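Each of the next two complexes has subunit A plus one other chain: subunit B in the first, subunit C in the second.
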Partner chain A sequence: MKGLVLIKQVPNTDSPFRINSAGTWVDESNLTYVLNDYDRYALEALLRLKDAGAMTEVVALTAGPERASQALRTCLATGADRAIHIKDDALTAAAPLVVARAICAAIKGEAFDLIACGLQADDDNHMQIGGAVARLLDRPCASAAMSLELRDGGTARVERELENNRLQVVDLKLPAVITVQTGINEPRYASLKGIMAAKKKEIRTVTLADLGMGADAIGADGYRTVRLTPPPKGKGAEMLQGPADQVARELLKRIREKTGVI
Partner chain B sequence: MGKGGKDGDRVPAKSFMKALFAGHLESSMVFPYPRQSDEARDTLRLVLESFRDWAKEHLDGAAIDHAATFPVQVVKDLKDLGMLGLTVPEEYGGAGLPLTSYCRVMEEVCRYCASTCTIVGAHLGIGSKGILLYGSDDQKKRFLPLVAKGELLAAYALTEPTSGSDAASLKTRAVWDPAKDVWVLNGTKRYITNGGHAGLYTVFARTEIGGKDTISAFIVTRDLPGVSTGKEEEKLGLKGSSTTDLYLANVPVPKGNLLGEPGRGFKYAMEILNDGRVSLAAGAVGGAKEMIDRAVEFARQRRQFDRPIAEFEMIRAKIAEMVTGTYAAESMVYLTTGLAERGGIDYSIESALSKIFSSENAWRVVNHAVQIAGGNGFIREYPYERYLRDCRINMIFEGTNEILRVFVALAGVQNLGEELKKVGQALKDPISQIGVLSEFAVKKIRQAITDEQFPDIRPPLQKTAARAAHYAEALSVTAEKALRQHGKGIIEREYVQERLSEAAGDLYALIACLSRANTRIAQAGEASARRDILMTRTFGNAAWRRIRRLLYQVENNQDANVTRVSDLTCEMGGYGEDLIG
Partner chain C sequence: MGCKILVVAEHEGGAVRDITWELLGLAHAVAPQGGWGAADIKAVLPGQGIGAVAAAIAGRGAAEVLLVEAPELQDYACDGYDRAIEAVVKAEQPEILLFGHTPNGWDVAPLVAAGLGVPLATECSQIAREDGRWLFSRKAFNGKFIQVLDLGKARPLVATVQKGAAGPFAGTTAGQVRAVTPALGVLKARFVETKKGEAGGVDLTQAPVIVAGGRGVGAADKFEIIKSLAAALGGQVGASRPVTDMGWLPHQHQVGSSGVTVNPKLYIACGISGAIQHIVGMKGSGYIVAINKDAEAPIFGVADVGVVGDLFEIVPALTKAVKEARGQ
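This part shows the complex of A and B:
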């Protein structure tokens, strides 16, 4: 049984975010990047299946510019066996459906029994890749997985997180796709041993052109970013100033005074 | 001495600062600024990323400080992550990280928790370093895999109750027992980091080798009979680290545990600290960066008189001093690790200067951060006071800053003496006979150094570089004068030593900044080096003025008064007269 985890490299949320001069995306010059947090949980979910002997190989895939290979290295250091990098600068601004098409093209000929990705990417919050890939491959998909268990007869049982503290239990017939919620597990940290071992692991690189997708593929699906703006300033909000712990104390005090809840 | 200097390699390794004291600007040793290979950088990035991910959740420096006990779970986690084998070669089960990467990791550890940084530093930086540098294949095979896994936590045991700065006066003794084929060790070691939790101690002891009283180094494991440790010391800071006495009572140390060659122990003890000091400096840089981040966050948010306090000039001055000093310290540290990694280079002065500069910078930075934070700075709930307490020790251990200043100045002028010797007649005792050197010889040296400049300096840095070159010469000329004036007596002239080593430190810092900024311009263009240029110029302007003052004061001072005041006070047994009561 083979697993594929779809990952994305996203700006570190501690980075200084400024909108670029075109007003379409953030200015990338001062950003540092990390593996999307949700994806760490997706990777961990597959690695646990491998640890348990249920899976023979875990592959990590990303679609993104050159720098995104760093996030793949992180996955390899954490335990993924090999990686695939669909490398193209245009992918940064590409619509989810285009990315999903590229992913499906890149894994053609490989049989993955379970494809996992994070519930969403911390930067663009689309929440579409998992669903789109499942649709293009014609596979069942469960989003917001809070647990994952392989069962006899080629199915996976998944608990999905719903609003209001409810869980929905579903069975997916494999091969299938899941998008993973952060509470599903506690991701491991890459060990020094893993980091050293990762140096010998393969990252296969393909370009959009290799996949038969020309430059016109980007934006050819009726989706275009018009503008990126900060939200309008709200009225009547009071900003509490100071270090976090001081703010927290002040906040607690006000909640007490105003609501009497605590 | 470079790494792995075996007995017999008598060719002195090149040293940038020693050459500088002797009037030679060996620019090619420090330009361009060292850069790690892409592979090393990639590995380092992964290590830092993994460490941060873990540390954010599991390394709570404040909690460790409050608990004031050895953080057993943290050390276990570090073990699982492989962090306790960071620098142990891969063939022995470690990650084999080079010194630069190790220092960068230590910086990060210290941002979170200085106690943890000290635990790791004592384990890898000094506790097991001797085995790495001087151990036999057999010793490496026996101990390093256990060290790398963290199954044996290591410690470095040099200091004793009556032997601190004067380490060579240590009293612990190892006597060879031919009947049992063991060295029998007796003695007490004091203030040993990791003491209470270590399984392996690198112990320095007196030995009689060929009728001569010498010092040798031994690997002492905790399981040997007669090994015990004292109570945990209660400390000002680093409260999570273990500091204890180590007692050795008739400990039979197998002959296979003698480290390197007998009689070379003191040299080993000093060389191990070369790397230890630069990683200690890196930790201090990390602590300083953390305090800068916290102080800046606070200064931007805290409003008084209807403005963020960051806008007041007295706060600005502090922030600027914190950042330029830390920029300089960081530049020195990684210039030094770059030198170390090139091999065949003596970086002992550079690492001592990095330690002095970074530890004092960190103290200044944290002190400013406490001040910027106002009342919060004094309150335990906030991080400032902890960093203040934790960073104080950096000026004391691994060689007090006083002792290191003595070392820098004397190693510098000693080399100058040798240089003078080369030019003049073959003198037997350079220091005592320098007075007889012909004026001609001295002039020749001076000629050799005048007008030596840094090559290929980019326009925005040219003025600063010219200052640096000028004061490099001035340092050498002043040192030479002092040496001729005092001869051998320079050993007793600590007022002079302090000024020379202070000037040398500022100079090395400035050269490190210049190299870093200039290399940045060359590689990435002036626009991306804007910050580097600003830092280098700002630091440089302050540094050359300090250097000028220090060198001037070598001959123009009130040292005599200072001596009198100090002597008088000691005579009186303290402050003395009570003005009012």
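This part shows the complex of A and C:
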């Protein structure tokens, strides 16, 4: 069995986010990037199948700019066997459906029994790539997986997270796609040995043009971000300032007046 | 035949799920902007043995309910539901197709959109017309920004809609129910069961005070300062999802859409950014205090009082002040 994990490099959630001058996305100049948190859990889910002898190879794929190769290196250092990088700066602004098409084109001819990705990316929060890839490849898909178990008869049993602490159990006939929710496992970190070994592992790079997707593949249908804005302020909190002791006294006063718990 | 807005209805246990009324509410609210009326709004309802559900929706918001019944559709599974919805969309040719941003909605919507070959806007809070185009507002960066998307020329325009984006449709309609029987193809996903997740331990729902810590607390052992403040206030310790995912606290402490919903008299959020999935679980609290080093954190949007600062300075200072006040 072969597994493919779809990953994305995203800005660290702790980054100082500012809107870019065009007002259409965040200003990328001050950001530091990491492997999307959800994807770490997706990678771990496949690596565990490999550890258990159920999977012979785990491949990591990303679609993104040059810098994204760093996230692939992280996957290779953590245990993935090889990587595929669909490298194109235009991908950042592409509709998820276009990214999904590029992914399907890039893995054409390879037979992956299980494709896993994170439930969502921490930057655009689209939550679509897994489902779109599944439909384009005519495979079943389960989102928000909180457990994964391979069963006899070529099926994968997945527990999908619902709301209110409930789970939906579903059997997927392999080959299949899952999107992984955080907390499904405890992702391992790269070891020093893994980091050294990763240097020798292959990253195959392809461009959109290599995949037969021309410049018109992105945005030609009019899909675009019109603007990015700060969220509505809501009712707006009263903001307290000053040294910690003084702020604490002010907080205490309000807690006393407003809540009656003291 | 045909319609302008098609709503994907959800049901469970023989009842219409609330999100369906909200989607119909949204459809009725935006239809006039497209020059459409109540007669242009329909619903698609896959399932089995749900004639009464269909009738209820036809009576409250949908001019027609396209009812797709088959034994395989008894319970939700992406495969089957996607083909049923896709077939109805192809027959009805709507301009706009709306799903709820629910576990089943976000599961099936990408399949349907990809099957139709059109883009999708997820987790939308607003749909509005601007300069002759439909624009979809959705959150990005876990709520730190709103992204306004133009989905372009393709039709239908497909969206999943956040809970609470619109009020539930409250009017009545004299809609029809029409049974349709599209081919579902070979189904490769099979529903097994729905079950409860792990339970036990603390019960946050009864706590009068909750002091919650997020990823900003940084490590399991650093939660001591959160626990001390909770103890001083006679309350419980809550957490955001990353905290329980990383095992800093057991799952039962998680507040939010996939954890518990709480409404204590006092909720103190420390090092929590305020993602929508967390906010839905605590916004009903009586009084909300937020402590975060990032002045732009969305948590301040729901808080009554906020402090921009280091939780490792503010929290111990507050604990000390509370203890003094209580003579502890």
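Everything that follows uses one rule, which is that the second predicted complex is superposed on the first by the 233 of 262 C-alpha atoms of A that agree within 3 Å, B and C clash if a C-alpha of one lies under 4 Å from a C-alpha of the other, contacts with A are read in each partner's own complex, and residues count from 1 in each chain.
Simple rule for what comes next: a residue touches a chain if its C-beta (ideal position, glycine included) is under 8 Å from a C-beta of that chain, and two chains touch if they have at least 3 such contacts.
No experiment lies behind these values; they were computed from the predicted model shown.
Asker: Subunit B or subunit C: which reaches more residues on subunit A?
Answerer: Answer, by number of touched residues of subunit A: C.
Asker: Would you sort A:D245 into first (subunit B), second (subunit C), both or neither based on which partner it touches?
Answerer: A:D245 sits against subunit B and subunit C alike.
Asker: With the two complexes superposed on chain A, say which partner A:P230 touches: subunit B (first), subunit C (second), both, or neither.
Answerer: second
Asker: Looking at A:K193 after the superposition, I want to know if it touches subunit B, subunit C, both of them or none. Which is it: first, second, both, neither?
Answerer: Once the two structures are laid over each other on A, A:K193 reaches subunit B alone.
Asker: Please indicate which partner A:P65 is in contact with in the superposed arrangement: first for subunit B, second for subunit C, both, or neither.
Answerer: In the superposition, A:P65 touches no partner, neither subunit B nor subunit C.
Asker: If we overlay the two complexes on their shared chain A, which of subunit B and subunit C does A:V34 touch? Say first, second, both or neither.
Answerer: first
Asker: Which partner does A:L172 contact after superposing on A: first (subunit B), second (subunit C), both, neither?
Answerer: The answer is second: A:L172 touches subunit C but not subunit B.
Asker: For subunit A, which residues lie in the overlap of the subunit B contacts and the subunit C contacts?
Answerer: 241, 245
Asker: Given the complex with subunit A, which residues does subunit B contribute to the contact?
Answerer: 39, 42-43, 45-47, 49-51, 53-54, 80-83, 85-86, 90, 94-96, 294, 297-298, 301-303, 376, 381-382
Asker: Spell out the part of subunit C that touches subunit A in their complex, as residue ranges.
Answerer: Of all residues in subunit C, those touching subunit A are 76-79, 82, 102-103, 106-115, 117-120, 122-123, 130, 135, 138-154, 188-197, 199, 208-209, 215, 233-235, 241-242, 244-245, 247, 251, 257-260, 265-266, 273, 286-290, 296, 298, 300-309, 313-314, 316-318, 320-322, 325-326.
Asker: With touch defined as at the start, can you tell me which subunit A residues reach subunit C in the complex?
Answerer: Checking each residue of subunit A against subunit C gives 11, 13, 17, 19, 26, 37, 95-97, 100, 122-136, 139-144, 146, 157, 160-163, 165-173, 176, 181-183, 186, 221-241, 244-245, 247-249, 251-252, 254-256, 258-262.
Asker: Would you mind writing out the residues of subunit A in touch with subunit B in their complex?
Answerer: 34, 70, 73-74, 77, 189-193, 195-196, 198-199, 241-243, 245-246
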